[in-house]
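To start, the structure under review is shown below, and the notes come after it.
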Amino acid sequence: MGKLFIRVIRRDLLLAYRRRADVLTTLFFFVIVVSLFPLGVGPEMKTLRLIAPGVVWVAALLASMLSLQRLFAADYQDGTLEQMLLAPHPLGVIVLGKIVAHWMVSGLPLALMAPLLGLQFDLPPEALGILFIALLLGTPILSLIGAVGAALTLGLRGGGVLLSLLVLPLYIPALIFGAGAVEAYIAGVSPEGHLSLLAALLIFSGLATPWITALALRIAME
Amino acid sequence: MNWGSWSNFIDMGGRGFYVWGSYFITLICIVFELGLLARQKRALWQRLTQLMKLNKQG
Amino acid sequence: MALNIFKYSSPASFYPLAGKMVPVFYGLAAVFTIVGLYISFFVAPTDATQGEAYRIIFIHVPAAWMSMFIYIVMAIWAGLGLVLNTRLSSMMAQALAPTGAMFTFVALITGAFWGKPTWGTWWEWDARMTSELILLFLYIGYMSLTAAIDDVRRADKAGAILAMVGGINVPIIYFSVKWWNTLHQGASVSLTSSPSMAKTMLLGMLIMAIAAWMYSIAVALSRVRLLMLEREKSSAWVQEILEQKS
Amino acid sequence: MAQEALLSLSLAPVYRPDSMLEVVHLSCLRGERTLFTDLSFTLSPGELLQVAGANGSGKTSLLRMLCGLSAPLAGEIRWNNAAARGEDFNRDLLYIGHHSAVKEELTPLENLLIASTFASAPLTESQALDALNRIGLGGREHLPTKALSQGQKRRVGLARLLVSNAPLWILDEPLTALDVLAVELIQARLAEHLAQQGMIVLTTHQALQVPGITPRQIALS
């Protein structure tokens, strides 16, 4: 079981490496969206510091929308998904492997990039660290919940727009706790509460969503 | 509750716009939903009877 | 009794039964609305703190209740359809969604109309209003998803998953928004927390809520009849009904 | 391509002598059309069933249903006297569909190795190289699959036939886009599988000539 899990991750990472342009596109999208905000809001550093966590988080949500569409699409088109459904293993494990690999090439780069972008907003160093930790805990939640939406909208026309419509409302708790952690720190409150809630959310969605996604995939393939 | 006069009733203690506005929009929403439902019903019946006639001919 | 349930869970026998029930529920809805409006405007006294603007609660609160009840009922029907594979329950879920969305919209609009004279703003980011807004998104998502899938069996099942995932999320969203809100400023006045709430006010609200229930049942039943006709258009019982009509 | 070479390295199916695929009163609905109703048949070890019928008659739907990918409207499918679903059934099944689950970005070797990890029996690299060699992809094992021709891509997917030890094969149009030599090779492999008491359900538009076997046919209208 564990072996299969590792093999799925390695396979998807290999595929992502062969298609690395896609990964970079998502990352650049994230960078551009974050960089646009100061131009729209104005260069007042006090305001920028205030909005920075929210801006970074909303940009991360939008970037995850871009990459989620690809989570199952290729496997669906070339018939690999059928083989996964017919594999003599629990589908949830395969799905979780795919989600983890997806996070490593979409969420993790955003988390690594975020402290750098935070400098544009004049965040203090500790706040940058908290932003990084919050994203590290929060972006897997985006991949996990997003996977359900990606499976539900698999192969539908206009699936990308529909996916955002379904998934973005479900991201709200992650957004609140994630951005809130940094805001709390800046406001002089301990961000521990936010981060623990984010971790709880991660555990909860990590346990539930792979199985829901597996069910949704079976329904989509009928 | 005794309002005294019609104009008092309409005025709602100075909040007439808000009170009547929300009741009016609710009414619009309900009328809209019922209208949509009636239209769907008409369209469906039309389609189904047409389909039946086609089936009988062919 | 068990036999009856079994019998009426097939569209062919449910269709005429629903047809008889629809006018009854419309009639009940009209009666309760008239009584409710009478109490709201001519029996309930002026609120000591909020003046006359509070009379908006007679639609706002029932609409907000309905928006949540209908979502729960919809998720339960959809879930039953997924687990038991019964056609009718999935159709009930889809018939309820537009009405639920309508009440959610009404709750938001009337909330804004109440907020302006009371808070001074049309919109407040308090937990209730925000959750209500997200509930509207969930309804729209559910309707868009079921509409986008051509295969009805897949549409039913995919919709059921979404409805249930959304249902789990609503309380999480509510509490996270509430928590977020208290950290920022904390909403001052709530629509129903007024200590001076008279018994007649509560009575008016309850009667209006019953009226909303009756209306929802009537509309959902007539919508589910359309869905049945549409989906079973080639079956013998629909053909029979069509013959009779023409 | 000698058939002896093919036989020498193939794996024997792990089968039970009383294995049986039973299809009982199966009905299928696609959209609003009824594709077939009340379809029944059984398949025993060593038998090949060819599903015939025009385009749109439900051949692919039937095969997907047999695999458990989609649920029948009515009726049931049984494998070894249990419902044909779940991990135990999947272990006994090899399905090659319309799309042969080949990734263009990966090399033929990577494709075959990954496909074998999804199935129950992971291959060693030398086993996989050998299978690719036998199916005529020798020398191309390390090229990206997108550089190959249509027929060669198809062979990458079909290489799984050479290394599978599943007793039940369900194959959707396995012979399309293949040249004469490859068709012969696949047919020889099918014959070998049947000789080892395997079972095959397939669809094909081409004339099927499996040495020593007269395929049973069912026709969907």
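We call the chains A, B, C and D, going by the order they appear; numbering starts again at 1 in every chain.
FYI, a contact is a pair of C-beta atoms (placed from the backbone, for glycine too) under 8 Å apart; a residue touches a chain by one contact, two chains touch by 3 or more.
This one's a predicted model, so the numbers in the text were calculated from it and none came from an experiment.
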Chains sharing the largest count of C-beta contacts are B-C
By Cα centroid distance, the chain farthest from chain A is B
The chain whose mean C-alpha position lies nearest the overall protein Cα centroid is chain A
For the pair chain B and chain D, the C-alpha centroid-to-centroid distance in angstrom is 58
The distance between the C-alpha centres of chain A and chain C, rounded to whole Å, is 32
Expressed in whole Å, how far the mean CA point of chain C lies from that of chain D is 50
The distance between the C-alpha centres of chain A and chain B, rounded to whole Å, is 42
Each of the following residues of chain A touches two or more other chains, namely 222
Residues in chain C with touches to at least two other chains are numbered 151
Full set of chain pairs in contact is A-C, A-D, B-C, C-D
Contacts from chain B onto chain C in the complex sit at residues 1, 3, 9, 12-15, 18-19, 21-23, 25-26, 29-30, 32-34, 36-37, 40-41, 44-45, 48-49, 51-52
Per the touch rule, the chain A residues reaching chain C in their complex are 148, 152-153, 156-159, 162, 165-166, 168-170, 172-173, 176-177, 180, 184, 189, 197, 201, 212, 215-216, 219-220, 222
The residues of chain D that touch chain A in their complex are 67-71, 87-88, 90-91, 93, 95, 97-106, 110, 114-115, 117-120, 144
Listed in rising order, chain D residues that touch chain C in their complex are 31-32
The answer for chain A against chain D in the complex is residues 4, 7, 11, 14-15, 18-19, 74, 77-80, 82-90, 94, 221-222
